[in-house]
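Below you'll find the structures, each written out as structure tokens.
Shared between the two complexes below is subunit A, which has subunit B as its partner in the first and subunit C in the second.
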Partner chain A sequence: MADDKKFAGFICTGCGIGDRLDAKQLEMTATRDGKMQTCHTHEMLCSKEGIELIRNEIDNEGATHIMIAACSRRAKVEAFNFTDVAMTRANLREGVIWARPDTDENQETTQEMADDYIRMACAEVKFMTKPTPSGEQGLNKNILVVGGGVTGMTAALEAAAAGFDCHIVEKEGELGGWAAKWHKRIPYRAAPEGTSNSRTAHLPGPIDNDVADLIAQVEANDRITVHLNSKVTKTSGAPGRFSADITTESGSTTTENFGAIIQASGWKAFDIDSLPEYGHGNPDVVTNIELEALAREAGDGPIKRPSDGKEVKSVAFVQNAGQASEKEGYLPYHSGIGDLVAIKQAFYFKEQNGDDCDTVILFDNLRTPGAAGEDFYRAGQQRMITFTKGEVKEVTSGGNGATVKFKDRILDEDVDLDVDLVVLDTGMVPNSGPDPYAVTVALEKLPLEERDAAKEEIEKQVAEQAVSIESILNLDYRQGTDLPHLVNGFTDSHFICFPYETRRTGIYAAGPVRRPMDIKQAQDDATGAAMKAIQEAINASQGRAAHPRSGDLSYPSFRREGCTQCKRCTVECPFGAIDEDEERYPKYNEARCRRCGTCMGACPVRVISFENYSIDTVGQQIKNVDIPDEFEEKPRILVLACENDAYPALDQAAMSGQEISPWARVIPVRCLGSVSLSWITDSMNNGFDGIIMMGCQRGEDYQCHFVRGSTMAAERMRKVGDTLSTLNLEPERVIVHEVAITDIERAPRLIKDMEEVIERVGLSPFKF
Partner chain B sequence: MTEVVATNETILVVGGGISGMTAALEAAETGKQVVLVEKRPYLGGRVSQLYKYFPKLCHPTCGLEINQRRAKMNPNLTILTMAEVTGLEGEAGNYTATVKLSPRYVNDNCTACGECAKAVEAEFDNEYDYGMSKRKGAYLPHVMAHPMQYVLDPRIIGTDDAQKAKDACKYDAIDLDMEEREIKFPCGAVVWATGWQPYDAAKIQPYGYDRYENVITNVEFERMADPKGPTGGKIVRPSDGKEAKNVAFIQCAGSRDRNHLFHCSRICCMASLKQTHYVTEAYEDAQVTIYYIDIRAIDRFEDFYQKVKAKDNVTFTKSKVANIITDKDGNPICRGVDTEGYNRYENTHDLVVLATGMEPSVTKADFPVDIVINREGFIEPDPANGAVFAAGVASDALDVNRAVQNATGAALKAIQVVNRVAGAEG
Partner chain C sequence: MSDMNTAMVEKYRSNFLKEVEANVEEGQWVKMCMQCGVCSGSCPLGPYWAHPPQEIFMMIRAGKREEVLSSDSMWMCTSCYNCIVRCPRELPITHIMHGLATYAKKLGLVPKNQPTAQFSQIFWDNMMKKGRVNELKLGLSLYFKDGFGQGIKNALANQKLGMNMMKAKRMSAAEFFGGHGVKDVAGLQKMIKKAEEIEAAKLEANK
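Take a look at the complex of A and B:
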């Protein structure tokens, strides 16, 4: 095998590299120390000629492993895109010459830096192989949609229009979900072009419910199979090869294979009866959901109140009932669409009960965003709907029908409003399955020292709650049956830029299970989720990773004979990608994996690796840094930097003229979660004086796209102190920092700080 | 020379902000050929000029780094910067696009070494900082710009500076003879993601944006908070550079207003709550006043609102500020009536930030095709639009998360069309 490998090095002298560094020496380092079989120097490696030089070496000279020493791996990516070989890049520009002052006294240390980066890159590439997909799954153009409401139906129709087949699994006996029950719909369009600016211009009012039409489209679509009165009772596999058991009420089960899954399980109504202050026990106090039924029953005629069938002549809408409050038993969020719903329903009364029907909306902050939202508010004002900023204290059974006691915030007075009917704006509760991480989330809210003691009790509580929460997907994953929750039970993505960044690859939540939303947004969301589902089915068939390492073909494998079955990898994988096989060894599911390497960092016996990222590819870089003996007084600081934030921050620091310590040797890592403790002990043993790990922000607003990488690194490193003391080393030699991509000044400063620590505690005694 | 290889199975994405980038990348990562056209010399649009996002207070550049890496690595994606779509003819599945390419005067040889910028002397207002700083006549738009290539300002062409820049370049990357040119290529579907621009604050006459130095807009304030920005991240008054500790935010500046924009721009409440954090974090003795009609913290953003509301040094006043005057020291004074109790106020601040709204950046007259828009100029979904699908803020005032959600869906709409063209349904 070894004979098949051919190592070729390429050194660029452009962008000042050749002026600042001794290129001859770099070449010698690459061939002598780095054992490159050939090494070319070019004055502009990214130029057409430079690329041809590399191409020729691969195509005609049989190079299989190439080392490019030029600019940062973030620069000229398109030019140096050699996917048919194993490739690494030594960062001589941003990493060395731009990070160091161009003066004679710095020349020696700058050259040493560059030589080291070449040694490191050569060592790395020797332990890399070109990633090849496993071929574990083929192209499966079949999408499972769980939930047959507007979101699910839209997702299925949109996927079908792109040429994919879909199965909709709906637990009820008919399609349509909540929206099918609505009398009318909130208008989703603003006033059309050409509408005048006058106060009397016609603005869109409530529109007809078009869910029946959507149902008809689904039923007429050859690509869509509908399973009514059905649930998903088991889901196994991975993107591209999911297998789902679909079980009907009567107990018969069919099994289907899918490329990807969309979870559109919708929402449940908040139980307002749990809050007696809203007086829902009074028949003339109804929720906004109940009002839809009353309006429908009335047809186009007047809406009557439930208690005595009297035609309603006055109605008050109590907004945010049981929502947006820290109070016990309330929802801490609000559904966001309640005010639009109230305006729509106030229209019902104006249209069906007559213009003389008093309609008052008691709001806190009226939320009618966007162009269509604001026009609808304006349409409501035109229709003489009264909007009152009021703080509702209580709804009681008054003489007439019901009395709303509220504080009028504008007039600053307490008001008792007697009305025929009260409509409560109740909130949306997500219909999610049990959160696989409920215990972890609860524990992390406690101070570190209390966690161990509280664990048992929390596990018990979570287990008790889980009994009452029905699973939606029944995943047979090692890490729980359902999608993880983000907050308040919603399964939303944690990332603003990436609303479909799911924590279970190939399974996309859409609609109000993800976040409270109206029909318009749910349809947008369903279309987006269908896009991602299709994309994942295709990518899985090619062995390509999903976001954020999109297209990555490498995936983890493990050395079975070394594995101790400790289960850390299966427990710590943030994406639930690893199961355990019958013999209790880890079982990797390529298409579920996001290639972060958290499993690699978790493994105490170092048996997990990727083709191009492994214990060795980093470990060998560490071992190949030249450590000067202690009399030279040149410390060495290892920086393990997250490739998405800290590494670009250091790049940008150099680009902006910031100096980076000449003692630093920076290695980008996929995630701090992938950092193996062995790298830390190895570097200490090799004579490094300090180690800095730079990862993303952790905690509630974590920034890590691999969820817990930074958190886990911090946890693991807490234990490194013991190792250091057994080596008789000071604990401050190893530190974990949270670094953002914008920390252009701070990141170099953190390295400088380590220089000062080393000055204080002295050089490592482990230099040989 | 940018050559575009395209067929009627190609998807054209117009606009390289976060919505356009998302649509382009999602389609390209599904194996479709995509041409992305961006007017600016770099991708990222307005998001690249934001310091932090609400509600997580994380950095937009983090997502930009991921998206740019996706773009760099994807062979299905062709990016045209300094480019504008000037014509679109044909019908769904069979369009011909005309694109005007403005000269960058820098070719792909550019290594971003920066020697040209050192050589050039002329300086201009920096658009990236909304004119609050200066940049050279040869410049890298910002430190994360993609493509990572310098640009020559057309105003130095024909001057000594242009020659100096050329002479400084060791890589033959500067081409002073570049000219504006027009290219045509086929495409099957179009994602229209041209985004927004801040409403012109000078039009809100009573607030005196054009008269008072210490009345600025929220987009300008955002640059000020950024350590890479014109003040190095210091929150100061433009008039005298003094620390701005007493800051007022005026909501709905130009939005929800019959005289300006009818619509609610959706993001400005959350943006001001976010910017309140900038002030309270910068100064222990900060005082912030938010003048508002409604605080529109939608659904789970409520949390963020409540946290800001709980701060002792932040005051919420339900009022549309009537007008702003200044005192002799240049302090802006907001005057109006607090509608909760109808009390008049006249409050002096160090700095006033106008939470100006978003309006579509392309007006009806500038669309290369006939398209259905609403009164506010946002594109409505309509069969009459053929295979032109709006994405992001071109379709409504949306926050980043919703814009991306919307753009992901728009990518699928485009894919449906090109799949039909390819007959790939079966």
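Take a look at the complex of A and C:
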């Protein structure tokens, strides 16, 4: 093997590196300690000539492994893009010269830092191999869309327009979902720019429902196949090679292969009958969904109330009915669009029952999201819809039809309002399948010591609830049948940073199953999900990772003879990527993998590795840091920094002129979840004085790019204290911090704090 | 209760907002208030109002006719225009307050002895005589509105101010006899009378 590997080092002296550091010394370190067979120094490695130098070494001199010592691995990514070799980078600019003051007394420690980073990079690259895709799957230009409502239809049309085939699976007998049943639509275009603020300005009102056009477009599209009265009864495989069984009501099943899946299973109405205070038993108290049917029935004529067919002359809209409350049996969240719906429906009365029909909207916090939102609200005000900030206590029968008892929040008084009809703003409940992590999530809310005792009870509860929840996808994954939930039963996907992206690679959630939304938002959402699905089908065919390690070709493999079948990797993978094969060994499903390395960190026998990231690539970096003996009084602090947040925070700290401790040696890790306990024990044994792990925020408001990575790491590191005491070391030598990308002042300070800890407890006794 | 008031109650029975829209200057803006409360928060006299503007607007929508029209609140407005400048919906709040006050006066609903209302009447009467405000007479009628004894007290209390105004030629003792005015007083009075007739006719038509 050694014969066909050729190691080449490249040292850049640009950006002041050459002025601050002894380049000759660095070159010597790379060749003597780092065992690079050749080493070039260039004054600007990222320039055309510099790149040509590297290219020539690869193409004509047979370099297979290259070490580039220049700026941070986060800088000049496009220039240093050599996919045909194994490559690593030593961070001399942000990591060393920018992080240290340019003074004579600091010269020695700064040079030591740089030499260490070169040793580390050289050691790392020796244990790397060039990542090559597995070829497990080819290009499958077929997308499965589950749900035939506005979201599903839009997603299918968008994917079809991009040249992909689509299958829509709809459980009902017709396309269109809820939206097809609406009388009119909420407007989504604001008044033209320059429209005045005047009370007579022309503002957008409700618009015609155009869902029928959408259905017609879907039906006319050759690329789209529609399965009505059907469900997905089994889904297996991975992006690029999904296989789904589509079963009709009559029981016939067809099996199709797909490149990616979009789950647009929509929402159902909150059951308002469970809350008797809203008086829904009275026929003249209707939900906003029921009102749509009444309005449609009326055509363009006046809306009549259900009890006696009388034309409605006064109507009250009770907003937030059963929503946004911590009270037992209420929805804990607000469905967001209910106020827009109320304004739209109040317009029905003004237009169909006449301007003298009294319409009162009893709101709590009036929310009118969307481009047209504020204009639509003003349009309602122009039309003399009365908006009253009121807290509704009860809806009773009596008076003309119903009485709303509420407290007027502006005038601070209790009011009984008699009206012909009451409309309740009921919440939207997501149509999600059962949450594979329901038990884990419930347990993590409890204190550590109570978890074991509560486990059985929680498992029982979850199992009971799961009976009533129908699976949407019926995945045959090791970790559950459906997409994990994020919060309140909504299907997972990061609201802000990575919408659509779920914890099941290649399956994208869109529409109200993700969060409550209206037609326009759902259509935007569907378009985004369709683009994501197409991207993933293509990525999978090339063996490239999806977000956040987009394009990464490496994927995990394991040494079969070493595996003890402990199943930790299959259980802890945050993406449910790992199944078990017939012999109960882990099966990695490359295309489902997000390359975080949580499996690697979980493996107690350390048999899992990536081509370019393994126990050895980091372990060897740790071993190759030069540890001065204790009389030199130069401590060494190992910083394992998450490459997504903590590492860039440190880079930025250096850019903004913050000092970073000269004792720190920072190693970027893909995620704290990938950190192996063996790295901790190795570094302690090697004489490191302190270890800092910097990961992302965990828990309910997690910031971890791999969702559960930093939680898993925190869990594992709880036990690290025991390991330290067996080594007779103080537990404060190892610490885990949550560091955000914005913590550019805090991150260097955390290292400084460790310096102080070491000063207090003394240097490690393990320096040889 | 004036006849006009009875007629208006009869006509708008349940919809005070519509009554305000039809009869109050700038009243068509009231429906556009979004209850943010910036006006109430901006009013330098806000703490002294029984109902700050935001509340008045809500009361109008809630049909609290008597409470609004017989309220002292809109008479408290000093026309500083803070609310107008700050209203995010650009409501002419100051004007609406004056409009409401005027409407209340036309209906005879002004609270008894409301000082601003009294002053406004004195100012108007003073100005209508010559087409210009006679500072001296205005001051005197204001001092003596509550009787002779109180008038002397008021005058003595403001003696220094009065002297200073004289010195600065802002007020002249000669004004007591006739005083200055516009060229065509009769013409002006005729014009105002016509305007009042038009307004009254409008109100009558809305009855």
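As a convention for this text, the second predicted complex is superposed on the first by the 754 of 768 C-alpha atoms of A that agree within 3 Å, B and C clash if a C-alpha of one lies under 4 Å from a C-alpha of the other, contacts with A are read in each partner's own complex, and residues count from 1 in each chain.
Simple rule for what comes next: a residue touches a chain if its C-beta (ideal position, glycine included) is under 8 Å from a C-beta of that chain, and two chains touch if they have at least 3 such contacts.
Predicted model only: the values in this text are computed from it and were never measured.
Enquirer: Mind checking the superposed model to see whether subunit B and subunit C fit together on subunit A or clash?
Expert: clash
Enquirer: Output check: A:A161 vs subunit B and subunit C. Expected answer is one of first, second, both, neither. What do you get?
Expert: Once the two structures are laid over each other on A, A:A161 reaches subunit B alone.
Enquirer: By the touch definition at the top of the document, which applies to A:I410: first (subunit B), second (subunit C), both, or neither?
Expert: Both partners, subunit B and subunit C.
Enquirer: What is the contact status of A:R378 with respect to subunit B (first) and subunit C (second): first, second, both, or neither?
Expert: Once the two structures are laid over each other on A, A:R378 reaches both partners.
Enquirer: Taking the superposition as given, does A:F387 touch the first partner, subunit B, the second, subunit C, both, or neither?
Expert: second
Enquirer: Looking at A:D525 after the superposition, I want to know if it touches subunit B, subunit C, both of them or none. Which is it: first, second, both, neither?
Expert: Once the two structures are laid over each other on A, A:D525 reaches subunit B alone.
Enquirer: Compare subunit B and subunit C by how many residues of subunit A each one touches, and report the one with more.
Expert: Touching more of subunit A: B.
Enquirer: So, does A:N197 touch the first partner subunit B, the second partner subunit C, both, or neither?
Expert: both
Enquirer: Mind checking 113-121, 185-193, 275-283 or 329-337? I need the stretch of subunit B that runs into subunit C in the superposition.
Expert: The listed stretch with clashing C-alpha atoms is 329-337.
Enquirer: For subunit A, which residues belong to both interfaces, subunit B and subunit C?
Expert: 197, 199, 366, 378, 389, 410
Enquirer: Residue numbers of subunit A touching subunit C in their complex, please.
Expert: Answer in residue numbers: 197-199, 358, 366, 377-378, 381-382, 384, 386-389, 408, 410-411, 415.
Enquirer: Would you mind writing out the residues of subunit A in touch with subunit B in their complex?
Expert: That would be residues 14-16, 44, 46-47, 71, 74-78, 81, 158, 161-163, 189-195, 197, 199, 324, 326, 332-336, 363, 365-375, 378, 389, 409-410, 412, 487-488, 490, 495-500, 515-517, 521, 524-528, 530-532, 534-535, 538-539, 547-548, 550-551, 644-645, 648, 652, 655-656, 696-697, 701, 703, 705, 740-742, 744-745 of subunit A.
Enquirer: Where on subunit C does subunit A make contact in their complex?
Expert: 14, 17-18, 28-29, 31-32, 34-35, 54-55, 58-59, 61-62, 64, 89-90
Enquirer: Of all residues in subunit B, which touch subunit A in the complex?
Expert: Within the complex, subunit B contacts subunit A at residues 18, 25-26, 29-31, 47, 51, 53, 56-67, 69-70, 72-75, 109, 111-113, 143-144, 148, 170-171, 226-228, 256, 258, 262-264, 266, 294-300, 302-303, 306, 318, 339-342, 364, 372-378, 380, 396-398, 400-402, 404-413, 415-416, 419, 424-426.
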